[in-house]
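The structure follows.
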Amino acid sequence: MSVAAGACPEIVQAVTGAAGGQDLPYGADPFTAGARARFAEIFERDVDVLPVSTGSAANALSLAALTPPWGSVLCHRDSHINTDECGAPEFFTNGAKLVALPGDDARIDPDRLRAAATRKAGDVHSVQPSVLSITQATETGALYTPDEIRALAGIAKDAGLRVHMDGARFANAVTTLGCTPAELTWQAGVDVLSFGATKNGGMTADAIVVFDHALTPELSFRAKRAGQLTSKMRFQSAQLDAYLTDGLWLRNAAHANAMAARLGNGLKALPGADLLHAVEANILFCRLPRPVIDHLLAEGFAFYHDRWEPGVCRFVTSFSTTGHDVDTLLEAVRRLTT
Amino acid sequence: MSVAAGACPEIVQAVTGAAGGQDLPYGADPFTAGARARFAEIFERDVDVLPVSTGSAANALSLAALTPPWGSVLCHRDSHINTDECGAPEFFTNGAKLVALPGDDARIDPDRLRAAATRKAGDVHSVQPSVLSITQATETGALYTPDEIRALAGIAKDAGLRVHMDGARFANAVTTLGCTPAELTWQAGVDVLSFGATKNGGMTADAIVVFDHALTPELSFRAKRAGQLTSKMRFQSAQLDAYLTDGLWLRNAAHANAMAARLGNGLKALPGADLLHAVEANILFCRLPRPVIDHLLAEGFAFYHDRWEPGVCRFVTSFSTTGHDVDTLLEAVRRLTT
Amino acid sequence: MSVAAGACPEIVQAVTGAAGGQDLPYGADPFTAGARARFAEIFERDVDVLPVSTGSAANALSLAALTPPWGSVLCHRDSHINTDECGAPEFFTNGAKLVALPGDDARIDPDRLRAAATRKAGDVHSVQPSVLSITQATETGALYTPDEIRALAGIAKDAGLRVHMDGARFANAVTTLGCTPAELTWQAGVDVLSFGATKNGGMTADAIVVFDHALTPELSFRAKRAGQLTSKMRFQSAQLDAYLTDGLWLRNAAHANAMAARLGNGLKALPGADLLHAVEANILFCRLPRPVIDHLLAEGFAFYHDRWEPGVCRFVTSFSTTGHDVDTLLEAVRRLTT
Amino acid sequence: MSVAAGACPEIVQAVTGAAGGQDLPYGADPFTAGARARFAEIFERDVDVLPVSTGSAANALSLAALTPPWGSVLCHRDSHINTDECGAPEFFTNGAKLVALPGDDARIDPDRLRAAATRKAGDVHSVQPSVLSITQATETGALYTPDEIRALAGIAKDAGLRVHMDGARFANAVTTLGCTPAELTWQAGVDVLSFGATKNGGMTADAIVVFDHALTPELSFRAKRAGQLTSKMRFQSAQLDAYLTDGLWLRNAAHANAMAARLGNGLKALPGADLLHAVEANILFCRLPRPVIDHLLAEGFAFYHDRWEPGVCRFVTSFSTTGHDVDTLLEAVRRLTT
């Protein structure tokens, strides 16, 4: 329930293990080669990988490679790229426009996408629909099934758009859905994936995973130019490598998801708490009475609140959340609401 | 002499120590507060600090806060910002122009700066001189004394320009010059410093040090928007904190400088090697015969060569370079040139 | 009713009159001085004036001077800047975000503005509300009264925002409202005005009118850098001068408004035509049956249709529209709908 | 010798003739179709044409379509794009870098071009050479022969670069060289031409002439987004049409060139005047003693001076310069220098 967990031991150990030697810089090191091989394994095909320092950098760089400046990015109105990145996509794309679409649980409504994907296409007075960006899991913790992704991506492709996935919580989605990373991405039409590790036990590394190799040279120049090409890339790659080794990423996600489910189930049983969505990943939104929120904060619980609607709180679990943490929070809410 | 060393043990340990707990994200953690306090100590005044993932990000963000898009950045023609960042300054500043000035040892000639600082000032047809950027130590490993910095900064300030310092090798400069960080920066007129840690034992963190607090809000928005605001900032801050604790940064630099001096002295004694500059920091340039370069590479020595002029090699030492490493290289050159 | 009228004789004559002599370039000519004096007269105060080649350039340059790249522009969702400029504001502002607000008749709802103006202010994760942009007359031809502008601008100013007005049809608004240009702009809180002339008898010139002189140097550099500073500015200035001389601009607008009213009144009387808004300026929207639209087009009438909703047509009148033109159109609609 | 002449009668008349009717906007008018046909004629092939309001807009838009943001534009260090457009190319290209090359008479040295065209190609740390931009006639009034253009363009093409020509004084070059527009452009390897009309009798219109049709859609979106797509394009097109009709553009240029030659020959005969270049177009540079410059200005002669070097004056002739104008200036210089 902490606002930001630390890093999991396997990743810490990997970073420590990368510290000693001397290696070629800028990705020409064995750790980076190793991480690339892991990505190829889990995605069941050759992929290009660019480590980056934040999810915002992953998203904004990806979008910049997929839309011209006069293009538009079709996304959910509550998507992170639209609401929480201080205009990073607009900056990296040199002024492309984010077109905000509605849909329940922060999932894009296919009919609205269909209308938007061809809107004013070819009209020189209007930005041109160029990319679909979907978030998996969504900002409310909801999931798209492979079929749903394929359907959205199909609408996009039919209109000539490229497809980006913001996978800040990709591991949580894979775990719950029980399908392969390939099924959720390139097999469903995704061209570029922002692959999150930081929120799931990582330290200072996320990655851009490129399924369309033609985009990689451009992305490489853009990443350098954005200050995202690190000389000691091995320290990012070692994290990513460890993250993908022996299923660590899925174990961490499964644990976080289970803790969120435990919290959700507990809150559902409390009359004063109003759970806003089904809990499918490691994030849940809950409406609580004002005094309850105030008391929880006073007691030292840390969580975002009132950023969406008054009285709405967001709880996020992680690899390090314990059953005891969950129960302590539930007990506090129970005490304060009854 | 490796192209990229690892990280020094104190910094690895600090990162490990930051991994366990749970903290507020985006810099509201005690590690970041601690790092800020350290920076205030070594600079003998209150400063604002923004951790970033690369020196290019530090430079480009700093410049973006110091020049409008229609401004120009006066810098040495061999400066990193002008030649090695793939246009990052142009990207972050939204198209400001880098005006390349000459000068020996990659140090800006004051007379040329004076002429450039007022050139076409007020002329709407021309970009407007807005920032002076100096590199300490320079790209050839030369140093500016505090007096020299004060003189350059004075020329800039008289013309209404702001002053940026690229301090990717700042520790090396402080060590050799034997003066205080304050004397080399804000006391000499520097407004913003790109503070390097990565090249001197760090892992994944450099920093922007802001001496003019009025710039900090803008820098904060720009950093977020550039994908440089990390949720788990503690992992960067812990590195910076350890780096500045108990003089680690200066010890690492002193060692690296000593190893470079040893290498320089050794090379000077070899008739086939032509040292291009006095060795003042941890970097040296040397002209070697083509077959010597080829043999060194074949024997596994790793260094940049032929990027500046044919036959010119760059050797860089670090906290982890040993006397044995230096002597092994010297021995190889001796063997190959005699 | 034509999609684009020509230029009115007084303006043509002024351009012809400017062609003969030799003058200083880039605005240092007597025509430009004359136009500036006219603007000062009609706005009853000193103003700065930058002639530009299009309304899009006027809007985008103005906004760029009023918002940082990490800012947002609060505007109506149907505003020209949001829907019809292919992202010009995003380009000129280096990636600021347009926040689209609702409201009837393309007029911004004050309550929605109030909420948006402070939304996430100071939150580094979000673009910062920086400018209010209002269109007078609006894209549907509706008007804001001086009181309404003052109220909206007041909300903006209270939240620290600047105020821009898109006055592509400013003359039409002044004419109908019967108030002074000053009352509609700087006296109501407007900082910068995009002043349209092209749609009202002009040829190749619109203008930015700056009420806050502190913005002018920045605007001048931005205009040059955007390719909007013309060497033979006199040809734009002569148009603007003639436009403002002896009330030509208001006469043209009054005529165009009268023709729109005549058309509106006529359409109201026809059962098959559904007028969508009150007619306050020189533009009206009307829903017509599909076969009627098709026949009108086939008969050579030129108008936009189906860009907003299916069956919705836009008719625009101008200084050159005659009563006969209006009656001919009305007669055709009558014939086709009855 | 005036700093800016007016417009020639044929062009004024064409504008007047375009003012009366009603036409489709944004280039779907017969004047624009007519101008396109004229361009096709004089270039002996199908071309796309985008009217723009300034030469800076023509240059910057063209370059933006020819280089990615991480590219570089190889140009002469004295070229207008590098020194006189306040960073317009950097703005429109979203931060590409201008690489300034030397060469006599503002003509690019082929050897320096050859070295620059492949410099750091493929190196992710460096901007990538992407476009060659040459100015015809150059900023000093010198000319490239078709063979010279073909040679420079060949070097560029061999390295994978595109070729842009800044033809602000294109007519003057065609006239002097006595070769066809085709020979000077697409037949020699030019992809996009900034075609100047304003300096040679035009009023408010220059044009981008596109020889590679694949670039046109992108240019169209960029032009709209830059505020360069005019609703009443006919007023620009009518100017361009008249300019190209019956050889007007070449007659105007021939006259201006002849006047420059007369001035040059006169100055050469005066001991106090030092002509800096051979006079091949309508522009000449001359070093004059300080008191002479001061007296000429005091007597009302208008010309740029001291922008390049102290004591250097630039004289420009036009379609409207008379032999009497030239002789009056010569007489004044003679009187003041002897």
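Labels A, B, C and D are assigned to the chains in the order they are written; within every chain, residues are numbered from 1.
To be clear about the criterion, contacts are C-beta pairs under 8 Å (C-beta built on N, C-alpha and C of every residue); 3 or more make two chains touch, one makes a residue touch a chain.
Which protein is which chain? UniProt says A, B, C, D = L-threonine aldolase.
Quick caveat, the model's predicted, so the values are computed rather than measured.
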Contacting subunit A as well as subunit C are chains B, D
Residue numbers at the subunit A-subunit B contact, same meaning over half shared and different meaning under half, come out as same
Looking at Cα centroids only, farthest away from subunit C lies chain B
Averaging C-alpha coordinates per chain, one finds the centres of subunit B and subunit D separated by a number of Å equal to 42
Averaging C-alpha coordinates per chain, one finds the centres of subunit A and subunit B separated by a number of Å equal to 33
Whole-Å distance, C-alpha centre of subunit A to that of subunit D, is 50
Expected list for subunit C, residues touching two or more other chains, is 69-70, 85-87, 91, 94, 124-125, 221, 224-225, 229
In the complex, the residues of subunit C that touch subunit D are 2-7, 9, 11-12, 15-16, 18-25, 29, 52-54, 56-58, 60-61, 85-88, 91-92, 198-199, 203-204, 221, 224-232, 234-236, 302, 320
Per the touch rule, the subunit C residues reaching subunit B in their complex are 26, 68-70, 94, 124-125, 128, 218, 220-222, 224-225, 229
Residue positions on subunit A within touch of subunit C in the complex are 69-70, 83-87, 90-91, 93-98, 124-127
